[in-house]
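You will see two complexes here that share chain A, one where it goes with chain B and one where it goes with chain C.
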Partner chain A sequence: MSQVRALFKKEAVESVRSFKLFALIIVFMIIGVVSPLTALLMPDILEAVMEDSGIAFELPPVSAFDSYSQFFSNANQMGLVVLVIIFGSILTHEFSRNTLVNLITKGLKKYNIILVKTVFAALAWTLAFVISALITYLYTIYYWGDAVHNLFAAFGLTWLFGVFLITLIMAASAVFKSSFPGVLITVLAVVIIMMIAGIHPDIAEFLPQYLIGSNMALLHGELEIGDMMPSIIATVISSILMIVLSILIFNKTEM
Partner chain B sequence: MNNEINELLPFLIPLAALQLILMITALVMAARQETFKYLNKPVWVLIIILFNLIGPILYFVLERR
Partner chain C sequence: MSILKIDDLHKSFRDNKVIGGLDLVVEENTIYGFIGNNGSGKTTTMKMVLGLLKQDAGEIYVNGEKVAFGNTATNRHIGFLPDVPEFYAYMNAEEYLKLCAEITDIKKADRKVRIDHLLELVGLQGVEKRIKAYSRGMKQRLGIAQALINRPKLLICDEPTSALDPKGRKEILNILQQIKGETTVVFSTHILSDVERICDKAGILYEGKLVREVDLKDEGFGDKGIMVKLDPEEHARLAGDLALERLGDNMYRITGRTLEEVYRLLNNHHVYPDHLVRERKTLEDVYLEVTS
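Up next, the complex of A and B:
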């Protein structure tokens, strides 16, 4: 237990001193502010475009759905990319600087390293995402009063996908050791493979990718949380598998 | 138009503040840093100022390890 606490403290101090936690939180705060702003400006932008091209039709008024839709498209794309870039090196930089050798020879359990790093990254991600979601939520309820369905669940889906990405980073780091580009490419490859596999509708429902594609359908009430269960269970199981896998690989790794 | 800008201020002020905080922090760190892993000080300063959001993030990820 003291190992866990010491490691956790090390991670916290490290991410604060390297300003990574700070950068992650600021980026997600920006996403939280930008999303309702884009929704508010969208009619003006579209109007300008339509005037130029001579198309004319009535635009529906901006609603809370537009604001959330902007939030999810920002958080699911830019947000997750920033998450992977910032936390992609959480394990690889220890290999490249050989900072773990001393600790492990002094009796630090290898599985503790993986577990603490995963939990720490997940906590940082939770903090950043909650702040971002809260900012968008507050702006949205202030400007638009529309009732939305399953709001909490819709936010939760993106969060769960982020946790899945973190476990994926861990597994890729254990395989590639000191190669940060290797980790980035693996994460990218897995996401692309899931996108291609998702073309088949029977498989799509079981992929983690389905989580970040269904936020809006949940908000509109077209899907219920029960419909998401196959995908949620698959994501949780694959996340746990990733952690177990990374511990197994990491245990066999010579430092 | 003036009225519209006023309406957007509750968004624009926090947005500008956040971007400035990120940029200034990265600039201060870069100014204090003597040795760089990639590139050099003037190039990093340019990247941080020119590429909003992405510039400071790249700096934090690549240089502050």
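Up next, the complex of A and C:
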């Protein structure tokens, strides 16, 4: 327990002093603010563009759905990319700088390294995402006041996909050791493979990718949380397998 | 009692055999110099002792316990100073040692005292700046402090002085000498003068094996005899009583006699040479002898 506490504290200090946690929170705060703001300003922007081009078009009134649509679009793309970039080196930089040798030769268990880093990254991700979602939620309530169906479930899908990416980063790091580009390419390759596999409708709902493609369908009531279960279960199992795999590979790694 | 015992150790990296049948025993409370060329397998051996690398064959015992690859329990007896110790640059020395103390599960009440003692030992007490601003020598000293945090029975140092300036080297060697009573030190190096200066014993690693062990505290180590310069008349006077091996240029070697005996005989024959010296083989002589 002492090892877990010490390592967790070290991760916390590192993320603060390296400004990584700060950067992640700032990016997600921006997403939280920009999403409802974009929805709010979109009619004016479009109107101005259309006036210039002389096209006459009747825009539907902006609603809370537009705000959340912007939010999920931003969080699922830019947000997740930032998450991968910030935490992609969480293990590789320890390998490349050889900083773990001192600690491992003091009896630090390798599985503790994987578990603590995963949990810490997941907590940081949770913090940043909750702040972002909360900002969008409060702005949306303020401007449109609409109650939206399945909102927190829709938030949960993106959050779970973020956790899946973190476990994927850990597994890729255990394989590629000191290669940060190796980790990024692996994450990108897995996402692309999932996108291609997701073209087949029978496979799509069993893929983690399905989570971030279904946020708005959940809000519109086209899907219910029960419909997401295959994808949720597949994502949770994949994440657990990824962690087990990371530990097994790391335990066999010569240093 | 031996603190480290290596039996018939083998290790290859693909087709490159690095260690091929290494046997080594290090006794407690000694300083053991592990000598070898660059790439001779010193670091590989040390990493196998620490369970960081897996041996192909052979066994390693630390304090009588067998070393296992991975997270070996024997590491609780060991402190390790890598050749280039790496730390978390955003911490200061005290924060880093605190992290090490927590990982080694040192009781909270003892941590502060231990950390203060080690910082004083390595001359880093009161240094508040972060490690990223440390010189190479300071990092090496912090490396020793972190390696000693758990009061190890065996301190393994991988080329601790090779990248340091003379002042830094002297500081590290002094620290290693100071801790000799508390722990056994094994340090690898190719700087033979460092070994001669502080080690009790030295082992020469060559082609994956320990080819020679030298007891540096043995008075008779490397004794090449007494060299004396004599003119022909002096030589003639001594020749009956003293076996003189001619080396050329009126130089002779006397072997099998103590310095006291030689002086007495010279005095008895009223021979007072202006050049007389006891010659010893240096570690370098031994090293070159066994590795060439």
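The rule we apply is simple: the second predicted complex is superposed on the first by the 252 of 255 C-alpha atoms of A that agree within 3 Å, B and C clash if a C-alpha of one lies under 4 Å from a C-alpha of the other, contacts with A are read in each partner's own complex, and residues count from 1 in each chain.
Keep this in mind: a residue touches a chain if its C-beta (ideal position, glycine included) is under 8 Å from a C-beta of that chain, and two chains touch if they have at least 3 such contacts.
Keep in mind the model is a prediction, meaning the values are calculated, not measured.
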item	value
Touched partner set for A:139, first chain B, second chain C, both or neither	first
A:34 touches, of chain B and chain C: first, second, both or neither?	first
Chain A: partner with more touched residues, chain B or chain C	C
Which superposed partner A:177 touches (first chain B, second chain C, both, neither)	neither
Partner chain(s) touched by A:254 [first = chain B, second = chain C, both, neither]	second
First (chain B), second (chain C), both or neither touched by A:149	neither
Partner chain(s) touched by A:26 [first = chain B, second = chain C, both, neither]	first
Partner chain in contact with A:86 - chain B first, chain C second, else both or neither	first
First, second, both or neither for A:220, with chain B first and chain C second	neither
Shared chain A surface residues [contacts with chain B and with chain C]	18, 97
In the complex, chain C residues that touch chain A	47, 50, 52-54, 70-71, 73, 75-76, 78-80, 82, 84-88, 90-91, 95, 99-100, 102-105, 143, 146-147, 149-150
List of chain A residues in touch with chain B within their complex	18-20, 22-23, 26-27, 29-30, 33-34, 36-37, 40-41, 82, 85-86, 89, 93, 97, 139
Touch list for chain B against partner chain A, complex	8, 10-12, 14-15, 18-19, 21-22, 25-26, 29, 53, 56-57, 60-61, 64-65
Chain C contact footprint on chain A (complex, rising order)	2-3, 5-7, 9-10, 13-14, 17-18, 97-99, 101-110, 251-252, 254-255
